[in-house]
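In the two complexes below, chain A is the common chain; its partner is chain B in one and chain C in the other.
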Partner chain A sequence: MGTTAAAGTEGRGEAVGEEDGAILQLLDSLDGYISLMGSLSSSLRQGWLELSSARHSMGNSRISSVLFDMKPHSSATTVDLTVSTASDADQATQPHFSLLKWGSRGDEKSPSVEVDGKTPSQASSSTIYPAVAADNQVRKKRSKALSMFGALVPPKLRVAQGSFETSLEAIIEIANTRSTILSALGRLQTVDLRS
Partner chain B sequence: MGGYLEAIVRGIARSSLLTAADYNNLCQCESLDDIKMHLSATEYGPYLQNEPSPLHTTTIVEKCTLKLVDEYKHMLCQATEPLSTFLEYITYGHMIDNVVLIVTGTLHERDVHELLDKCHPLGMFDSIATLAVATNMRELYRLVLVDTPLAPYFSECITSEDLDDMNIEIMRNTLYKAYLEDFNRFCQTLGGATAEIMSDLLAFEADRRAVNITINSIGTELTRDDRRKLYSNFGLLYPYGHEELAICEDIEQVRGVMEKYPPYQSIFAKVSYGESQLLDNAFYVEEVKRLCLAFEQQFHYAVFFAYIRLREQEIRNLMWISECVAQNQKSRVHDSVVFIF
Partner chain C sequence: MANRVQIPTNNSALIAMIADEDTVTGFFAGVGNVDLRRNTNYLIVDSKTTVKAIEDAFKEFTTREDIAIVLISQYVANMIRFLVDSYNKAVPAILEIPSKDHPYDPAHDSVLSRVRYLFSSESVSSGRR
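Entry: the complex of A and B
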C-alpha cells in the first residue's frame, strides 16, 4: 500500500510538472503573440504612411491601384506550409509556416530571413548561391515589383516596400506563434484530462 | 495683356487660398467628415457638400482638383493670344502624365475606362482613349499623338521598340524635358517680366527634375548616358552640374554636387544625412517661395503659372492632411504641409 501511494504521489507530481510546463509554454507563446501583434501594427502603420508620402510626391495618378499588373505572372513571394508529425500520440500535429521571399527556395542560402524558427544552418541545403549574386537577384526582384508604378520610383516608395516586407515577416511569425499557442493549449487540455 | 484676368488671379490668390489658420484647424480634425465640414466654409465647400459619408481621401483630392479645373477653364475662355497659348502650355505636363498613365495601364492589361477616370482633368484631350491600341512609340505617335500639342516633343523618343516599363519611363522624362525646353523658349519670346520670372521658375523645375531623376535612378538599370539624356538643356545645373549628377551613385554624392550651387545649399542644409525623404518637402518649400515672389511684379503672365502651381500645392497639402487624419497619424501632419503666403 505504501508503494502504491508513493507511485500515486509520483504520478501526480509528474502530471503537475507537465501541466506547469504546458502553462508556461502557453503563457510564453501568448506574450510573444501580443508583442508580434504590436510590431505588426507599427510596421503596417509606417508602411501606409510611407506609401501616402510617396503618393504625395509622385502624384495620385502615379501610385494607384489602376496600375496593378493584371497580366498572369508568378508570385515573387510564397508561403510554405508544413505539418510536423507528432511523436507523441497525445499531441496534435502542428502546422508550420515559412516565408519564401523573392523567389528564394527554402533549400538555398538566401540573404532574406526565413521566418520559420529554423536558422539557415538547420535548413536542409543542397545548393548555396554566392551571397552577392543572391543579393542582386533579390534587389532585381524588389525593383521589378515596384516597376508597375514606373521604372524610376522615389526612395519613399522603396522604404514603404521594406515596411510591408517586415509586416509580412511578422504575419508569418504570428501564424507560427498562434500554431504554437494552439498546440500548447491542446497539450494543456490533454494533461488536464489525464489528471 | 489680360488685365482683367490678372486682377481676377491676384484677387483670388490673396483671398481664397487657404491660410495658416485654416491649415491649423484642418490639422486638428479627427475625421475626414470634420475636414469636409471645415472646407465647407471655404471655396471648396460647394464641390464637397454633396459627397456622401464615409469620405475617402481620393474624393477630397478629386473634388478640390475640379475646382482648380473650373477656374482654369474660366481663365482660358477669357484669355486672348498670347496668354491663351501660355495657359495651354501649363497643362502639357498633365497631358504627358495622362499619356503615360494610359500606356502603362494598357501594358498591365487594365480597362481603359478605369484609366480614364484616373487621368488629370487638366491634361485631357479628345483622342486620349485611342492610346490603348498602340504597342510601340511609333504607333503611339502615328495613331494618336501626331494631332496633339505633344507631337513636337516626340521627335526625340520615337522608336519601334515595344513599350515596357523602362521605355515608358524614358519616354515620360524625354517628353517632359522637351516640353520644359519648349515652354522656356516660348516664354523668352514673350519677353519682359514674363520671360524673366518664368525663366527662373522653369529653371528651378528643370533642376529639381534633374535631382529627382538622379536619385530615383540610383541602383536601377538606367545607364549614366541615358540618365544624362533625360536632363533638360537649361537651368542652373546645366551643363556642369548635369555632368556631375550623371555619375552620382548615392544620395550623398548628389548632396555634394548640389551644395556647390548657393540656391540649393539652403535646400540641402535642411535635410540631414540619412533624411533624404525630407528632400521633396524642402524643394516644395523653395518652389512656393519663388511662386509667391512672382506676385510682387505686375503685368506679366507668370502670375497665372504661379497661381495654378500654388493651387496644386494647396491640393497636395489637403491630400496629406487627409491621409494623416484618416490613418490616425496627426503627429506627422506637419512633415509635408507647406504654408502659402
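Entry: the complex of A and C
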C-alpha cells in the first residue's frame, strides 16, 4: 500500500513537471508572438508609407492591382516546410517554416561562380567572389519583380520592396512561433487529460 | 529534442493573402503567383467584396496543398471569425495581420483566443478540484 502511494505521488510529480515545462514554453512563445506582431506592424506601416509615396510620384494607374492579372507570374519567394515528428505519440508534429527568398535560402553557401568568363580551373590568377555574384543575382531578381510596374521605377518603390521583404521575414518567425504555441497547447491539453 | 525527426517535404510552398489592395500590392512582387489558368494566391478585399467571396477564398487557400501560410488582414478575419476560429490545422498557418486602417488587436487574434480559452477552462477546472 505504501509502495502504491509512492508510485502515485511520483507519477503526479512527473505530470506537474511536464505541465510546468509546457506552460513555460507557452508563455515564452506568447511573449515572442506579441513582440513579433509589433515588429510586423512597424515594418508594414513603413512599407505602406513608401508605397503611397511611390504611387504619388508614379500615378495610381502605374501601381495598381489591375496589373497583377495581366500575365502568369511565378512567386519569387516561397516557403520551405519541414515537419518534425516525435517518437512519443503524445507529442504532435510541429511544422517549421523557412523562407526561400528570391529562390534561395539566406544561410546556404553560395556556389562558386566563375568571374570574367573563366572556368574555376583557369581562375588561379583571378579571384572568385561567390557572395558578390549571389548578391548580383538577387538584385537582378528584385528588379525583375518590380518590372511589372514599368521599366523605370522610383527609388521609393524599391525601398517599399525592402520593407515588405522585412515584413516577410517577420511573418515566417511568427508562423514558427505559432507552431510552438499550438504544440505547447497540445501538450498542456494532453497532460490535463492524463491528470 | 533527441527523439524528433525532421522530415523535409521538399516542397516550395506559397504564401496566400486575403487583404486590402495596398498590402497585396506590397507583397505581390515577392510572393504573388498567377498560374496559366489565372488561379491566384491572393484575394484583394475592398468595399465591394462579399463575405461569401472571402469565405470561399479562405476555404480554397486552406485546402490547397501548395500553400503553407495564409495571411489575412485582421479586419477581414473578423468578417469570417467563426470560420477562422474553427480552423485547427497546423498547415497552412493562418496569420492575422494588421492593415493600414485597422491596427492589430491581440484580443481578436484566434491563436491568442485559444490560449485564453484554455486558461479560462483550466482555472474553472482547478477551482472545482
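Odds and ends about this structure:
Note that the second predicted complex is superposed on the first by the 161 of 195 C-alpha atoms of A that agree within 3 Å, B and C clash if a C-alpha of one lies under 4 Å from a C-alpha of the other, contacts with A are read in each partner's own complex, and residues count from 1 in each chain.
Following the convention adopted for this analysis, contacts are C-beta pairs under 8 Å (C-beta built on N, C-alpha and C of every residue); 3 or more make two chains touch, one makes a residue touch a chain.
These numbers were taken from a predicted model, which means no experiment stands behind them.
When the two complexes are overlaid on their common chain A, residue A:Val66 makes contact with chain B while staying clear of chain C. Contact with chain C, but none with chain B, is seen for A:Phe97 once the two complexes are overlaid on the shared chain. When both complexes are overlaid on chain A, the residue A:Val159 reaches chain B alone and has no touch with chain C. Once the two complexes are laid over each other on the shared chain, residue contacts for A:Gly150 go to chain B alone; chain C is not touched.
Looking at the shared chain after the overlay, A:Ala22 reaches neither chain B nor chain C.
Contacts of A:Val191 after superposition on the shared chain: neither chain B nor chain C is touched.
Within the superposed three-chain arrangement, the count of touched residues of chain A is higher for C, of the candidates chain B and chain C. In the superposed pair of complexes, A:Ala76 makes contact with chain C only, with no contact to chain B. By the document's definition of touching, of the two partners only chain C reaches A:Ile171; chain B does not. Legend: residue contacts after superposition of the two complexes on their common chain; A:Val138 is shown touching neither chain B nor chain C.
In the three-chain superposition model, chain A touches both chain B and chain C at residues 48, 52, 64, 68-69, 71, 148. Listed in rising order, the residues of chain C touching chain A in the complex are 1, 3-9, 11-15, 21-36, 38, 40-42, 44, 68-69, 71, 90-91, 93, 95, 97-98, 100, 103-104, 106, 109, 111-112, 114-115, 118, 122, 125.
Touching chain C in their complex are the following residues of chain A: 26, 30, 33-34, 37, 40-41, 44, 47-48, 51-52, 63-65, 68-69, 71-88, 92-97, 100-101, 145-146, 148, 160-161, 163-165, 167-168, 171-172, 174-175, 178-179, 181-182, 185, 188-189, 192.
If you check the complex, the residues on chain A that touch chain B are 45, 48-49, 52-53, 55-57, 59-62, 64, 66-71, 139, 143, 147-148, 150-156, 159. Contact residues on chain B toward chain A in their complex (touch as defined above): 58, 61, 97-98, 101, 104-105, 108-110, 114-115, 117-120, 165-166, 168-170, 172-173, 212-213, 215-217, 219-222, 251, 276-277, 280, 316, 319-320, 323-324, 327, 329, 332, 335-336.
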